[in-house]
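Let me begin by presenting the structure, written as structure tokens, before commenting on it.
Think of it as A, B and C in the order they're written, each chain with its own count starting at 1.
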Amino acid sequence: MLVLFTDFGLEGPYTGQVNAVLQRDAPGVPVIQLFADAPAGQPKPAAYLLAAYADWFPPGTVLLCIVDPGVGSHRRAVIAEAGGRIFVGPDNGLFELVLRRGVQPHLWEITWQPASLSTSFHGRDLFAPVAAGLARGAAPNDLAKPIEIVTRSDWPDDLAEIVYIDHYGNALTGFRGDRLDALARLHAAGRVIAPAKTFSAVPAGEAFWYVNSNGLAEIAVNSGRADRALGLAIGTSIAIR
Amino acid sequence: MLVLFTDFGLEGPYTGQVNAVLQRDAPGVPVIQLFADAPAGQPKPAAYLLAAYADWFPPGTVLLCIVDPGVGSHRRAVIAEAGGRIFVGPDNGLFELVLRRGVQPHLWEITWQPASLSTSFHGRDLFAPVAAGLARGAAPNDLAKPIEIVTRSDWPDDLAEIVYIDHYGNALTGFRGDRLDALARLHAAGRVIAPAKTFSAVPAGEAFWYVNSNGLAEIAVNSGRADRALGLAIGTSIAIR
Amino acid sequence: MLVLFTDFGLEGPYTGQVNAVLQRDAPGVPVIQLFADAPAGQPKPAAYLLAAYADWFPPGTVLLCIVDPGVGSHRRAVIAEAGGRIFVGPDNGLFELVLRRGVQPHLWEITWQPASLSTSFHGRDLFAPVAAGLARGAAPNDLAKPIEIVTRSDWPDDLAEIVYIDHYGNALTGFRGDRLDALARLHAAGRVIAPAKTFSAVPAGEAFWYVNSNGLAEIAVNSGRADRALGLAIGTSIAIR
């Protein structure tokens, strides 16, 4: 199975062209569109989001991950493996947390080169063909050379920031719920937010936090949009008390 | 064929994870994404929208329908059958109109339980596996027990409200067009709106109503957005004169 | 391969119903969603966008193209062939540039009629079944009659306007990059915009233009949204100096 995690949007041409390449190079392999609205151009919050959501997919899954503000510069293109899952994308920190948390992490620099490479769309020209090849059974060593994993020691294990606003206006933090005390209060944008088990456990209009279905601490408002009600956006700092 | 009718949005993680479950449990069954922007958290307008659009699909279609503000509370999870189509989702009124209008309606309460059930994402953990099972040929009685259909007698047969704003800004009412006099005038947001056959039958910028391609009375503005021009939103009341 | 180029949006019901028809009439043929946000109701900018992006697909591709403000009026429904690709859609200028630029252009008026044709959704009722038939191997002459290509001589070979704003806020012009001097400056919305090779070649916040991965001159801002920073929208005029 191929899984897409990008900041491409769905309506424009980017996801469509990537899908066309995957269909051409890995016909018949199911493609799951997971995120097309990962934090645009921001690999750091995207890395914490990816680690939480990749974990739900079975080993053997190939995840094509593109949040790539440095496209066209000299950042490397890599294949990462951790927990039996394979990740393809830019070497800009996007795989920091999956490598740090996953068992048996490995990293390769992509050496395969397409016949034609645009300067601005490596997702289509480079990463999608590599992901398709891996999904069809190629080994990372066929397309890349092993390199050392260098940890970004200044990035924390959990990120005390909002990393994603979902379709309902819920604000996902970069904190794993099981790292927080079940009674912890989150401080964000000048508000103190208490925990609740479910939306229906609090009155309409009230903010709360809970552990979402992929294990992240998430701030929500029952029958409302937490982003607008509380003034939350990607990058908003959270304090835990 | 599996059809999705949800308020999940497409870009976020929800539709993707549901598709991953459907792909895992019903490989090879085509999945059609019909609505990902059904009225968010509002089963009542969603019910009138669903009834109009489900009718277009052939008997045997399985529709996975999730507008579920009560997820995590004690609302039941159900399978509904009407007109030869099968619906899976929460028991919150979403299937009221398909059951009321369809021939040979039946209702079951889902008794099947997944190995792991999150409190906030029954779409992925409960409803999608059940829909996949039905699409692969399981009978409702294999996964659920028959229950009595209790009609919400306070819900009308047609809803005199806006139930959906489409991509162009057209405002769909909950009224079936064939229940209206062809010359009826709709009163909405302080305006009187006359009927027309097609967009090109009225001058640019003028509002009109017509019977849309799925049988609902729809308010539109030629070369404009009716929602902004007239101040219409989901829930806006309509009067018919 | 079937490719969709429309202004339908993805979340609403339109793309879903079209996909259901394609699945019914051409089961197993891969469908690529290229654009669902082509310039809404504006065939002229859409025509320049389509010509640039269609060119990337291999000969034999069938492109279902629907930007159709005149649906329900007397505009013709056509099949166009150029450069070995086949296009299906309304005869409103949408295929002007693919016919003008492509080798061996041909045009047919669709004569096939569905059993049931709504007045407002020919995409679903007429164009999708025709595209599916062509994708399954029908010849244009089976569904349509040859007609003469009449060029819109008042439309330029390249359009000095913004024709699309992408998910990142980048503004695509209707000018092919290889028709511009590599050092040309673009004048738009009172600003003078110099060329650069890549995003990372200019400071954050600075505007530049470059030749995008499909050959169009595109205005962008490094780490910013060009549409908001410069006040650009579909239809904004560009001058080249």
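Note that in this section a contact is a pair of C-beta atoms (placed from the backbone, for glycine too) under 8 Å apart; a residue touches a chain by one contact, two chains touch by 3 or more.
Bear in mind the structure is a predicted one, so any value in this text is a computation, not a measurement.
*Asks:* Using only Cα atoms, superpose subunit A on subunit C and state the rotation angle in degrees, rounded to the nearest 5.
*Replies:* 120
*Asks:* Shared interface numbers for subunit B and subunit C above half of all numbers used, same, or below, different?
*Replies:* Answer different: the two copies use largely distinct residue numbers here.
*Asks:* Take the average of all CA coordinates in subunit B, do the same for subunit C, and state the distance between these two points in whole angstrom.
*Replies:* Spacing between the chain centres: roughly 31 Å.
*Asks:* When you check subunit B against every other chain, which residues touch at least two of them?
*Replies:* Expected reply: 9-10.
*Asks:* What part of subunit A is in contact with subunit C in the complex they form?
*Replies:* Residues in contact with subunit C: 7-17, 19-20, 23, 27, 40-41, 69-73, 118-121, 124-125.
*Asks:* What part of subunit B is in contact with subunit C in the complex they form?
*Replies:* 1, 3, 9-10, 30, 32-37, 53, 56-57, 164, 166-168, 197-201, 210, 212-214, 223
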